[in-house]
Every structure is written in structure tokens, then in C-alpha cells.
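Look for chain A in each of the two complexes below; its partner is chain B in the first and chain C in the second.
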Partner chain A sequence: MTAAESAETTSREQETSALKGFDTQRAALYTVLLGLIAFYLSPLWGGLTTAFKTDTGFLQTTPLIPPTPEWFTLEPWELALATMQGGLVNSMLFVVPATILSATLGSLAAYGLTKLSWRGQVGILVIFLAGVFLPYQSVLVPLRQFWSAVDLAGLLAFAPFLANRADLIELTITHTAYGIPICTILFRSYYKTMDDEMIEAAKIDGASAFGIYKRIVLPLSMPMFAVTLIYQFTQVWNDLLFALVLVTARSNYVVTQSLNELQGSMAQQYNIQMAGAFIAALPTIIIYIVFGRQFAQGISGAS
Partner chain B sequence: MDFDIRRLLDRIRRRRTDTEQNGERSVRTDGGTTTERSGRFSKMRHSDAVQALPFWLPPALLMGLFVYGAISWNLLISLTDWSGLEQPVYTDLSLEMYTQMPNDPSFVAAFRNTVVLLVAFTVVSLLIGLVLAILVDQNIRFENTFRTIYLLPMALSFVVTAIFWSWMYNPSTGTINVVLSGLGLDFLTMNWIGDPRTRLAAIIFALTWQFSGYAMVVYLAGLRAIPDEHYEAAKVDGASSFKMYWRVIVPQLSTATTSAAVVLMVFALKAFDFIFVMFGDTPGRSADILAVMMFRVAFSRTQWAYGAAVATILFLMALAVVGPYLYMQYKRGDL
Partner chain C sequence: MARLTLDNVTKRFDDGDDEIVAVDEVSVDIDDGEFLVLVGPSGCGKSTTLRMIAGLETVSDGDIAIGDDVINDVPVQRRDIAMVFQNYALYPHMTVRENMRFGLEESTDLSADAMNEYVDDTATLLEIDELLDRKPSELSGGQQQRVALGRAIVRDPAVFLMDEPLSNLDAKLRAGMRMELQRLQDELGVTTVYVTHDQTEAMTMGDRIAILNDGILQQVATPLECYHRPKNLFVAGFIGEPSMNFFDVTREDDRLLLDGTGLEYPISASIREDLDDVTDLVLGIRPEDVEIVEGGGGEHDFPIQVDVVEPMGNENNLLATFEASDRTINAIVGGMRHVRSGEQYTARLPESAVHLFDRKSGRALHNRQIDEEEKLLEPHI
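Coming up: the complex of A and B.
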């Protein structure tokens, strides 16, 4: 999408449209839309240009201007990546299981709800819904108390690899628990529209409740799994608050934590900060660009 | 799997023709809810409820422990006077943490800022989202591309956007000031996040940038649900575009507005990550919000009980926003 393309659009409409006023209106519309694109992309654009500039480069030029060959460098990316490598790995280690677990449990819960009478469904649904809107601050102190009482690292002492990663396992369980409500809501709204003739028929066939879930409901849920997994992955990957409270060992810092640290330690090094921000955002940006439709479906279903 | 489904479909078809031939019942469109409650049927329903338990109960228990268990525990902690490194004592409970709030200037400031942020951020995001939705809804070319870009910031972490915006707001080389002076508006350039007077407004502006795309998505769905005749009728009446939208279209978007507003308000209550990355846990009186204050009081100063009390206030605010909304949805049968 470029200015040239939209100019072409309006000029073609000029030929076909009889009304002159209409054309200027269309041109104004596209101008406004492109102006808004410039606004929405400006923080990313300014970050991207800065990340490729040397220290003197980003201080002497404005962020609007791309780096000139004289000031071009990849060093900020190398430095940021070196600091955040561990964080990226740790995030992957806990975000993927947390996402899959909460989506699966959400799907199971939503399937269970469809088997209840409407009254029972709504009652349980409200209990789940409240969890979607919960401000996480209101559970932070108990959460810290709970996990220090459980002492997961001690329980896992027999397997040093797991014990060293206890913080990440805590994060996985915590994010799974708080992800269940939204996943249940998303799947439930999907199952509500599902044709239940097929399920009735399977029931007459003598299939068990779990058999119906496995053979009919689960295969039909794949589009919703895509939506839920994408929504949850983005949410959990982007979170900082739970990690701040639960992750104590530096070796277990997740990506948002290491980016936050990078920002603190490189206070004036905006080029390194920007490169770090892009590295941390890259997985979510890629997912967003590839699965934009599912992402939009997830966030609008979440309301 | 394919085979199973095909066999089932066959069976359904056969069953349908059976009932049609017997003329007993017409094709059901109500999902079977109006079937007579014969003995056998109610037994089936009952066993359904039992069969459903293993599916929804374990997730509900895990969630319930972390959500409702934790909220109750938090409430209990807020009634103690727990602070420092020792363990809480649950025997001597009082409302002391709550009664000291009105006399704590930093709580009052954080509460006021939270309300300002909540209202301003929600209203501005809704307005911008509405404008975006109307613009995108004009049968434009490359609609998907436009929509994707407006919604993009929503996919980013607060940590990432906070870093982008601290650079945007940089007083000497930041994009905002560079653009302003480029437009000859030098008098408007300032140290946006350094100056306490503009700090909260700067935060609200950046958050609006991040979330107005969400409002757009919700409004766009609302606009698409309005029948074309309404537009046509307004045009025949000779209403100008602005009047048409204001008088005819916008009133029909009230459902979209409510649900978007509720979600945005909850986002505002959760804006912790953004402010924490930009300013650390002490953003100063001018930009402190309850979410940040709670974290500072509890986790930096180890005044656990007071932090828990602030958290309870935050929870009650969320409940005040969401409670009526859920009740409304329940009444309308939208749940």
C-alpha cells in the first residue's frame, strides 16, 4: 500500500464518476487514511531507523530520517541480542506450554458447559467471566505468598534441570490459570453456534462424552484453537507484571524483563533500546502479520 | 475422522426423513429445548450434567483457586498489619489500612490519576476508534492493509511501546518535538514526560495510540451489522454525511460502545506495565496510578497489608465497571 497506489485508485474513479465533488471527497479520504497510517507507524519507524544508527548518528539526525551509510551500523542489534538471548529462550520455554495448556483447558471447560442447561451454564459462565476482567494487582500479594509456600524448587530437587527452572514452571501454571477464563469464553461462544445434531447422533451411537469431544468437537474446533492460541500467546509473551513478581533468579528472566533491564542499563543508548524492543516484539509482530484475522477475532471475542 | 463424520451425517439424514415421514414432529430449530420433559429425557439431561463435570470442573477449580482464592486471601491480608520480612498474623484484623487511605496524599493522587486516566483514555480511544471505523467503512481499497496497521500497536507489549514512546517524547531528538518544530509550532515543543504537568496526558496519548485500533475493530463490526437501508433512508432524507452518522448511525452503535468502553476501562486499570517501564515504580505524584502504587507499596517497601488494601480498591473499581455490564448482558440474554 503506497501513496502511488491510492492516487491511482482516485484517478480511476475520476474517470468513471460523474460527480466532481465525489472525487475530491475520495482524495481527501485517502489522504486522511494515509496520514493516520503515518501516525500509527511513526513510533515503529522512529525506532527502526534509530536501531540502525551509530551513537553519533541517532544524536545528530532525527528519527524520521533513515540511517545514511556513514552512520549505518548493526551493532545495536548484536548488543541487544546478546543481553536478551536468555530472556528469549526463557520466554519460549514458558509461553508455549502456558498457551497450549490454557487453550486446551478452555476448550474442555467450554465443551462441558454446552452439556449443561442454560441456567447452569450462565451461572458458571459468570464465574469464569469475572476472571477475564480481573486486575492482576488484586492477586499479586497472595500469589507471591502461595508460590513461596509451595516451594516448587524444593519439590523438584530430584530433577535439577526442572528445579533450576522452577520460576518458569510457576509462571506457566499462573498464566495457564489466569488464561482459562478468556479461553473458555472464546470457545464457548464458538460451541454455542455449533450444530449439535451431529453430537446427538453420536450419542445415540453410544459414544462417550470424551469420545464425542475427541472425534467430533475437537476436530471442528481447530479454527477456534488458532484464534485462542494466537490471542493467548500474544498476551502471555507481552506480560511483565507476573514475571516481576514470580521470577527471582536472574537466569530465569523472561524477555520482557530483560528488555526492561536493558532499557534501565542503557538509559541514553536509544539505538540499543530500540533494537531490543524490536527483538522482543518480533514473535508477536510476525504472528500478527501472518494471522491478523484470527488476532482481530480473538480481541473482539474477548469483549 | 472423516469417515466417522460422514457416517454420522448419514444417520442424521435418515433420522430426519424418518420423522418427516411419520409426520410426528417438524424439524427442530430450537436445539431441542422445547421437547417434552418425559422421564427418559430428564434422566438423559441429568446424566449429561454428571458427564459434563470432568470437563469443566478441573479448569474451574484451577482458575477458581487462582482468581477467587487469591482475591479472598488478598482481602484477608489487607485486614492485617503485615509488613516487612516476617509472616502475616491473621488474628488481629482491622480496617486500619483502609481508614488511613484518605489521609495518604500519595493514595489520593494515585486514585485521582487512575480515574482521570480511566475516563480520558476510554473517551478518546472510543472517539478515535469510531472515526477510524467510519473512514475504513467507506468501501476503500486495501481495507485490510489499513485495518491491519491501525490495529498493529495492540499486538505489542507495553514494555515495547513504553520504550518506543520514551524515544518519541525525547525533548531534543524525539519525533514529537521534531515534527512540531518542523510544522513551525516550536512553542508547543516541551519535555512531555519530564514535565509533571504534561506527564499524564502524554501517557494517555500513547495508550490511545496503542488501543484505539481495538475500538475500531469493535465499531467496525457494529457498523457492518447496520442494514444498508438505514444509510439509504438518511441519504434520501438529504441528511449530510456528518448528520447522518451523528443522528442515525451512532445511536445504533450503543452496544458496541458499551462493550468497547468496558474493555478499555479494564485496560486502563491494567496500564501498570507501560508506566512501570517508562518511570520505574515511582512515576511521581502527577502520573502515579493505583496499579503502580500497589506494586511500589507492596513489593518495594514491603508494606504488604497496605499494598493488598490498595489492590482491593483496584478490584472494586474493576467490579464497578464490569458488574453492571455483565448484569446488563445477562438481562438481555447475551451471555
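Coming up: the complex of A and C.
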């Protein structure tokens, strides 16, 4: 055998052994991944099958078994939707403005804290940081007292439509205020990686501080807006605590409150509750799908 | 277009309790239309000086004036300057056209048509008119460089500032852009301050160069004057590639003793006059002035052994050691000359090419002889 031939054989041998090692590795990887998928999805799957079963069907089968035609029903969804309709609308009315407001204000604040220089920045930043760590529970009482003292419904008496929705406006303002710190911190880390020379170039080009924000920083912030919008939307949409404290009129109940109402006082109707849970989760899922691509960009820091 | 004056400009930074002086009383007058290169090693304060002119840093002391107006307190936006950054700093979400229009939109009241006309004219001048609708991410480094330049030129400012604009380009492109930048600056006639750490750029591009070290201005002069008549050791060592050879020498009447070698270098009366009574000196000689001869025996000839030969094609760079010591010397000989490493030669250090510096202060006491001095050193502005 010549040297060239033997070299060829060894390289081929190496190739096959490499392929074999590759295969077992792959197989192990997929097994673990499939196991994790099953682990994470089984509760969701159980909930979904339950929501399509009649009461008897739920009681007589294990939750993970799909509904047979005998026990299949859409009734839980109809009932849940009927109860939660108002809540869904009310939630939309305050979650969308609260999300957009806190993201926008957070972005502006972060811009001021990173790309503009002025005295006392560190102090302000510390206050923002503290805001992130303030637990919801600790502010419930002062929050209630504050909104009792302000009497928003009274102030809005000139516009009955708004006055009737005063609870929701209170929620909007509260959630905006509560969301600004985390949005500011998120935007701040993003803006810190933004090229300073580019900002300086814009300054030399004659742009004012706000002009730079509007024409340079804001258009380049879209991935981070996707992150904060998704985060804030989910956070505010899923909140029950502030709603319980601030919403008094039944007509203003938000989605989490109406979901809570599905819980019967005597009999637990699991199928309706599950259907309700899925209905309540639907808007956040839609938001994830719509902003998903930018979300991934924002997380990875690519601009 | 205007004259730019720096009068005792100083920049101090606070570093905890310490105060760091980044730029120390720098004074330069830059004529209308002049191309001044600010050069020095990293951390010498050249970029800080540029940023003070731009208004991106405050001035601790002294005045900066464009024409007769002191601009210390004029905000960046109203200084009528344009700057080209090292990493170009283009706006990534805008097309080339939008990048170039941005400055016009923010600083003038021109109509959209007029702005587009300016952009088109500048793009044609820079040969980037084909790229106007592309985004910066779709351009090569050289093209981005041109767009950054275009963004500055289109505004027709009083002063151009350039912060190492060529350092991100590869060597070939850089040499081409060097020529082109000079041509453009000649054509536009805009006062320009150009910062670089590259002495080749400084030598080739500047009408005059200003050499900074540790925040202190060392010399402001034409490139050739800095090269042939350096004011001190730092300038002599910084300008020129490969750098000047330096030897510590001690004067003993009409001879210089090369420390640590036992070698002697006789000096004539004309040089002795320049030296006052300083005895601790540094002798400097540029590599291209060192002659490699065979035989020798003259009073300025020294036996050497060639250690390394770097053939460059047009010339050979030599590293050699003086016999009976560890002192090395760089020399350049013609590319056709055959020099072998490991062999003995004689190095002739002609007295006419020698520089002498005060070892303590670094001040130049004697510079080399120049034939037709005025012709060579007069500015070519």
C-alpha cells in the first residue's frame, strides 16, 4: 500500500467514526429535548383536553386523554367567553395604553440617562433601580389611599364616559408608573451599547437632543420596543392584585377578575375554568407571535 | 471657510482626587484652507484637542476661535464644523442619501430639491452616486468611508475635523484615500484638522504637522522641517520610519565618546559651536544616512556586523551591531546592493547628517546640514 492510499483509508475511517459519534450525540440530544417538551407541554395539553370535555367526561377520564366524540363539547368555551367578554374588553382598554406609555416613557428616560450628560444622573438612576425592586404588595395600601384621595371619577365628572371608566384610568396610570423603571433599565442597557460616535455625529450635524432621539435613537430602538411591549403587556395583562384593589365597579372588571369569577362557589367546573384560562392567555400569545422576531433581535442585542 | 485659532488650550480631567492634564496649553494658528495634521502616540491628547474644537469636550482653559469669534461656549450644533469619525458613525437605519441629507435637514432651511442637488453633487464628486439608495450595512469599508466623508463635505462647513479616518481601511485602500483626501481638500479649500497616530499620514498629507506628546505641543512645522530639523528628541524619534538611530554620547573636547563601546566620533568646529557647554548628549542619525562601505578607515567609519537583512525590493533594511559591543544600528541601503547577514562591514556616519540633542532636556542642539535649505523646507501651501 502506498503512503497516499493508506492516508486516504485512515481519513475515511476517521470520517465514519466521527459520523457514528455524531449520531449517538444527536440521539441523546433529541431524547432530552423531547423529554423537556413533554414536561413543559403536558399541563397545557391537559388543560386543553379538559376544556373540550363535558363534566362527566372530565370526571371519567384522565386529563391527558383527548376527548372522545362521546364527551366532546364546545360549551365550556361559550360559557367562559360569555362571562369574560366584558373583562377582555376592559383589559384591552387599559393594558394597551399602559404598555405603550411605559415603554415610550422608559425609552425617553433611558435616553436621557445614557446619551445626555447632566449632573445627578446617578441619583436618578438609583431611584429608577429601586422602583424595579418595589414589591406590588408593599404599595397596595398607599396606592388605595392615594386614589381615594385623588377621586378621579369626581375630577372626570364633566365626561360621564370617562368617569364611568375611572377605575380603568387609575389602573392605566398605576401600571404605567410601575412599568417605567423596568422599561428604563431595559432600554438603558440597550442604549449603552449604541455607538456614541453616531450620536456625536448627529450633534455635529446640527440635531438637537430631542431631534437625535426622534430621528436616530427611536428608529434604532424597535427591537427593544418589542421586548418591552411583550414584557409589559404580559405583566399588566396578567395582573390581578392592582385590579382587586383599584377596580370597584363590576362593570369595570378586568380579565383576571372575570377569570376568577368562573370559579363556582359550590361545584368546580374545571372545563369552563380551563377554557377561560386559555381565552385569557390568548392575547399575550398573539402579541408574542406578532413581535416575536423583533423580540429575538432585541434579546440578542442585534440592532 | 475660516482661520482656526487655538490659544493656550488646556483640558483637565478629574480622576478621583487627581487631576489629569490631557492637553497642556496648546497654541496653534491654522490658516484659512490649511491642512493641519495633529499627530502623536496614543494618549497624547490629539483626539481630546480635536473633540474640544468640535465642542464634544469642554475647554478647561484657553480659547478656541473660528475667524475672530471665540467658540468656547457655542454649542456643538452651531459651530459650523463637520467631523469624520474613525468608525464612520453612519446612521445604520438611513440610506446613503438620508445619511448625507441629515445634516442639511438639521442645520439649514434649504428646500428638499436644493438638498437633493447638494447631495447629488457631492456624491458625484466622491463617486458614490450609484450607492445613494443603499444602507450602510450594504457597503464595503471603503465605501462607508466615502459616505462619511460625503456627509461632512455636503454641509460645506467652516472647518473639517477628521479623527483617524483612514485607520480602518486596509493598506492599499489607505494609500489611495490619502491622495484623494488631499486632492479633495485642495479642491474644496476648507480648513482641516486631521488627527492620526500614523507618521506616514502626517508626513504625506499635512501642509503643516503639529506633534503632540503627553498633551504638550512639541513642534508645529512643515513635514520636511519636522523631519530634517526636529526641535527635540521626541520629534526626531517619532517622525521617520524606521526611526532615527540614537546613541548616548559624552563630549570630550573635539570628540564624542559613544557610551559603552569605547568608540570615538570626532566633531568639527562648526558642530562644536552649536553644543555650548553641554557634555551629555544624544547623537542621532537617520538609517538612510548611514552608509555601508567596504574597507573604510575614515574617522567616521566604524566596523559592524550585519545581523538582519529585510529586503523591501526598492531598498534593504539592515540591523547591525557595532563590533566589540551590543549597540545596534539601523541602516537602509539600496535594493540592488547585496548585503549578507552575519558578515562584517563598515558603517560610515557622515558628519553632515548627524543630529545632536541635549540628553537632559531633549532639546536639539545641532541638526543635520541641508543643501538648498530654503528650497526644500519652504511650505507648499
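In this section, the second predicted complex is superposed on the first by the 244 of 303 C-alpha atoms of A that agree within 3 Å, B and C clash if a C-alpha of one lies under 4 Å from a C-alpha of the other, contacts with A are read in each partner's own complex, and residues count from 1 in each chain.
Convention: contacts are C-beta pairs under 8 Å (C-beta built on N, C-alpha and C of every residue); 3 or more make two chains touch, one makes a residue touch a chain.
As the structure is a computational prediction, the values presented were derived from the model and not from experiment.
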Residue contacts on chain A - larger count, chain B or chain C: B
Touching partner for A:219 - first (chain B), second (chain C), both, neither: both
Which of chain B and chain C A:197 touches, first, second, both or neither: both
Partner chain in contact with A:268 - chain B first, chain C second, else both or neither: neither
First (chain B), second (chain C), both or neither touched by A:33: first
First, second, both or neither for A:206, with chain B first and chain C second: second
Common ground on chain A, meaning residues reached by chain C in one complex and by chain B in the other: 197-198, 200-202, 204-205, 215-216, 219, 303
Interface residues, chain C side, partner chain A - complex: 54-56, 76-79, 81-83, 85-87, 89-93, 102-103, 106-107, 151, 155
Touch list for chain A against partner chain C, complex: 195, 197-198, 200-208, 211, 215-216, 219-220, 303
Residue numbers on chain B that touch chain A, as the complex places them: 1, 4-5, 8-9, 11-12, 15, 31-33, 45, 48-49, 51-60, 62-71, 73-74, 77, 88, 132, 135-136, 138, 140-142, 144-161, 163-168, 170, 173-175, 178-179, 209, 213-214, 217-218, 221, 259-260, 262-263, 266, 269-270, 272-273, 276-277, 280, 290-291, 294-295, 298-299, 304, 307-308, 310-312, 314-315, 317-318, 321-322, 326, 330, 335
Parts of chain A lying in touch with chain B, wherever the complex brings them together: 1, 5-6, 9, 29-30, 32-33, 36-37, 39-44, 46-47, 50, 58-59, 62-64, 105-106, 108-113, 115-118, 120, 122, 124-131, 133-146, 174, 176-178, 180-181, 184, 196-198, 200-202, 204-205, 209-210, 213, 215-216, 219, 234, 237-241, 244-245, 256, 259-260, 263-264, 270, 273-274, 276-278, 280-281, 284-285, 287-289, 292, 295-296, 299-300, 302-303
